[in-house]
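A short write-up of the structure that comes next.
Per-chain numbering from 1; labels A, B, C and D assigned in written order.
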């Protein structure tokens, strides 16, 4: 197995020819996501987890400039000497930077300047890719190039969720885009249990192609017999928990979650509001009545776990999730990803087969009751990219499966996403296990 | 004397004809100040004291809508039902509102929407003024109308200082406007002491025309003999304090000021930075070398008081300041106000007479060692406007004389400005007394 | 007048003979106050303003050790090298020290060790006083000696109020001492207005004997005609304010006071609790039913000012208070001070003359609407004692007249006490002016 | 397997006769630990994790009163109605309670009152045990009785570490007890690697006797081949990490740990201080020179993990630790536990066999890189005791093996202790794995 951490093992000639195309596609997608925004929307940071869209646009660009242009393009001059300070996210190896909490207090460079920065870097990336095609492939280049694209896709998902949060803070409840025509809401598919036999299984990334270092090394793990539910928990089911007093009964909650919920006054998932006695959700399409058959989302791990407790079941571990997913083999094409352009988890169709496992990929990230710790044999890369994943491996939970804000080309069954237990602004949801 | 609190006692017919002109002039001035800004600049709030320019534009408009259009214009419909929540500053009488700390987290309404709001209100104000001309003058109308204009002028000053702070937070140090041609810097005028005889004097507003309620009632006060310095303390003089270790010697400081200075790491006035060993200041014209003959500014009361201690002198009280000012009779026309468009305090000309009292009006607000308390006989107005001044009368210091960011038409010898002792983002400065 | 700041101008031979007696009396009084305490009571600090009694016992001793024994007693060895770090309060001149917030986290030295420290210092003070009697009086000795005693008397008052607060935090509501027999409560004396003619008056300390530096220099001041109420506001009157919704109507409040009251959930003075529907107060005698004719106490300036607003009157300035007091000449002997041992403000007797001014001295400190600023001509002393008063002269209010926790030998008509506007744990109260 | 969670499955007749003896022994041990303390030491809380010893004494007593006397002793009257409020730790089921942060601000009840409370409860427990002997054993009684004792033993360990912290905050560095005679320090035993073969193993409690609910259910787990070091990391080895700049090189650290270490200014383990250039540690015997061959202790998980990173190795998981321990079968009798009365981890003897696994039990709790999560099949008990463990199962790390402050009768190979990653005041240490 390769000793490198981010791993497209082979970039063959034809693949090389595809690099500019792929680069262009990913970079365009980012700008596409920002197109509906006003300049005003791109500078604010209404909470610490959210970054201003302008910052995302620049930071992803800084990544290519720092790790590729400065390393591989002869005589490259940085676009602006202060941008590294402004747009470095968390790389201690790369010097001091704006405090995360201050990202929303800095109006300049202007949005137009950031687009000029993107154009400058894109132009030089094009030049670099041309040069490379004519030469020997530098070791590690392809790896970092692919990482830059995957990194930008991660920020695309953050853009989607950050934009939602930003727009939500205005009492005007502005729509990011107009709502799709509402289909008649089906009855939710009956919940069933799909068993998986216990035993020793291999998990972790072992294919060719790209994966993050945290998916390695592939290794054996033992699980006992378990079952997963065939679909995600719906808004309607979650409302029953609320109506049963779930938010006011400490017995269902982890201690830190209970304290937080009380102090923050949580009574429902993020973005739920009652308007004239009817529950609505703030969405990318403005305030909308809740579709009770759709998967519940924007809940913290604490809420997911409390809900599971209340039902008498539990959340899966990440090992269980991956073993089940390898068995059920969900099709990426069937999933509700960023490409569907719906920007919201969707109810199952009326004819969904209750004996199949649905929604494993797309719709919402599924909280697991697994700490985000290093896999056996995990090693941090040397240099700045060693800070990419490894230093976050404590006090966070693993989420699996991708969401409606994830690119279909960015997800894998082995993908390990991770957030702190209190986070609610991502498209997070619940699948029950037992 | 009128029992009303904000007091243009007489608005005669010809004066009435002037109202639309004056209204237009003040409102235009506000927009003029915002013209050099990008939309990005108008939404951020890099510290609690600063409000986003977009907010200032809307809040001043909300003031006219709330206190005049809704009261006096028949059938007036508010521009948007949520704007009162968004743009009320601190009037408890008028309901709940956005937390001050959150003003910079809300991107919508867009800047263009706020300009539309201004146009809507301006159009209806024009209609209202026309109507009024044809009718009897409603009691109190003229008073509130004038208050609305004075209020907007106060926010113009805040716009100037808030914009400066906003632009300063970027490492790019962007200029709000290009710098005026630098004149050769004169030597500072020698500092002399101008004596004022002790005795009982009358202070407070007693003319015709407008004043704020906090300038009333005029009343007698006793002062002993004292002297004021003939000019403001210069940057060069203040640098001597710095070089003498003033920021590291607690003996010169008030206790709370010392603790704050240590904790915040103050070593110089706000906006001073060393660049390649040379002191510069961030200004509306970007980063500029310091003019040592110009008045020092952007200092807290604590620094002003520590400086005075170090010299062996002291700050004046507001009573002393007003008594001296009534005696020295400075000319408003000679002062460096907003209209000079310099946006920075200026050194005295080479031929300034050392026996005259200079810079009493304009350049910088002069910290006095007087608490901002009610004058004898002060009464809060009834209703929401009673919250305008009275409720702030504790824990703040009075400043006198106006600054280079104040409109010349907005200042008086009796004007009482007020800030907490730790504030540095206003154009504040020092005049010594003994 | 002497150029020294703490000023017993003459200490004649016979006076010198009295020093050991006076020293002993004051020191004994401190220990007497602590006698009812358990060791457990002497170490805790339930809020920042409160210091542990053990700390008071040691700090007052450190004062004599530092300023007298180390200066004037040949070959004196400090009791323990770490005690200066532990028991210095706020003198930057004298080096680093325990954070104020940590005073209640340190269990050692034990209480017994602190009493040994007191005995050690007392013994050496006795030796020093003997030596002095046989020699020439060192300049400034008598002044600092007297300051040490006055300083200890200030801490006696703090001991009384800190002990009350400490005991109040236990749900057991323990009594510091048994309650005096309750006299039948009289009807409150009718409130009347006592006029004082306006004019120029002299205020500030000008007698012989001791005063603090902040009472100097005596100077002229002008006041307009005013009236004071003949007595303090009672619990019964204050309850009317409460019942009229005073705590829920922002119109009566200063802005910062309103925000604080809302956030802290104030609904009544400190120590008031309802028990089975009846108002009680926690006192040094445990929980007691409220005497409605007694003066209200344990209120912040914000509450005092809001109450005054609600009545339509106001608080006096410190100038008015002192001018009136000099005119009404209250007798110290008639006041309810520490020596009465009642530890609570008392109702006026049934036969109190409504045309006399009562309770000016003793019972409660009266909030004035005057900032604690330097008097004209005030100068800080050189050296560490220059930190005694001057550095606190901002953001605090002056209180006048002493309380039931003040020693009768410690009060003067010119005495300027001072606290921040939010403080409630002292015996503070209200007298109305107009 | 029993459905109860705390599980002494059988309490036979003879065992029953032992209950009073065992009860007495555990209760006495607690008081023995507090005997060297002054009353002053028993009330303070110098940081949030520490509880005042008086509180521990009372809380353990409240446990027996609440869960046994009130349930099983007919007509039992609680000692004091307010004690439940004062001495409930975290049981939401049992009502409101003093904020954890306020435990050190309450001086009453006095220490003597708490001892009276203990005597009262002990006397009634004796009566209850007598009664029971004569009757049928109530279901669940024995289980809760044993839990009460184990609970008190947990608080004994906390008493040891909290007392150490409390005494450490005084600059006097007082000794809790006199130091044992220092033996000549041996050279550290060479570090070797002890291999364990991978495979599926059973872990979790499956014996008879008591265990906590978090050790259940026993279950299979898979590990790959691994090795553990034969002994704990020593102070000398850790000093090498310090001298190599380990505290200043972010590459070895988890992100949150790095931020914390920088902010808190960590440069060495807790309690290490340099005195005249020589490293000392504060211990229960006062300040002592460091024994370089002794195990390093009082380090956070962050430091343990950074140290492991620096060596190129890692920490074990809790599964690995338990599997290895079951294989190496350490003897409890050989461990350094509370009963040794040394209160500090000890160096290995000079003749320790490097091929044996040492110090698995006792000396220090060993940080594992395993989140404290529920075991497969874990279930919370019903009622208040369901809050004992389960609600803490997030954001904490498992520690294994017990320490010099743990009772030998309280430890098991399956025991799961848990703390947040930043905690340093417990006897925590490092064993390397690879």
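Note that contacts are C-beta pairs under 8 Å (C-beta built on N, C-alpha and C of every residue); 3 or more make two chains touch, one makes a residue touch a chain.
Predicted, not measured: the structure shown is a model, and the values here were computed from it.
Following the contact convention of this document, no chain is adjacent to both chain A and chain B. In this assembly, the C-alpha centroid of chain A lies 61 Å from the C-alpha centroid of chain C. A separation of 39 Å divides the Cα centre of chain A from that of chain D. Averaging C-alpha coordinates per chain places the centre of chain C 47 Å away from that of chain D.
Every pair of chains in contact is given here: A-B, A-D, B-C, C-D. Within the complex, the chain C residues that touch chain D are 38-47, 54, 80, 82, 85-86, 102, 104-111, 166-167, 169-172, 174. If you check the complex, the residues on chain D that touch chain A are 90, 92-93, 200, 219-222, 224, 250-251, 253-258, 301, 369-371, 373-374, 376-377, 386-387, 391-395, 421.
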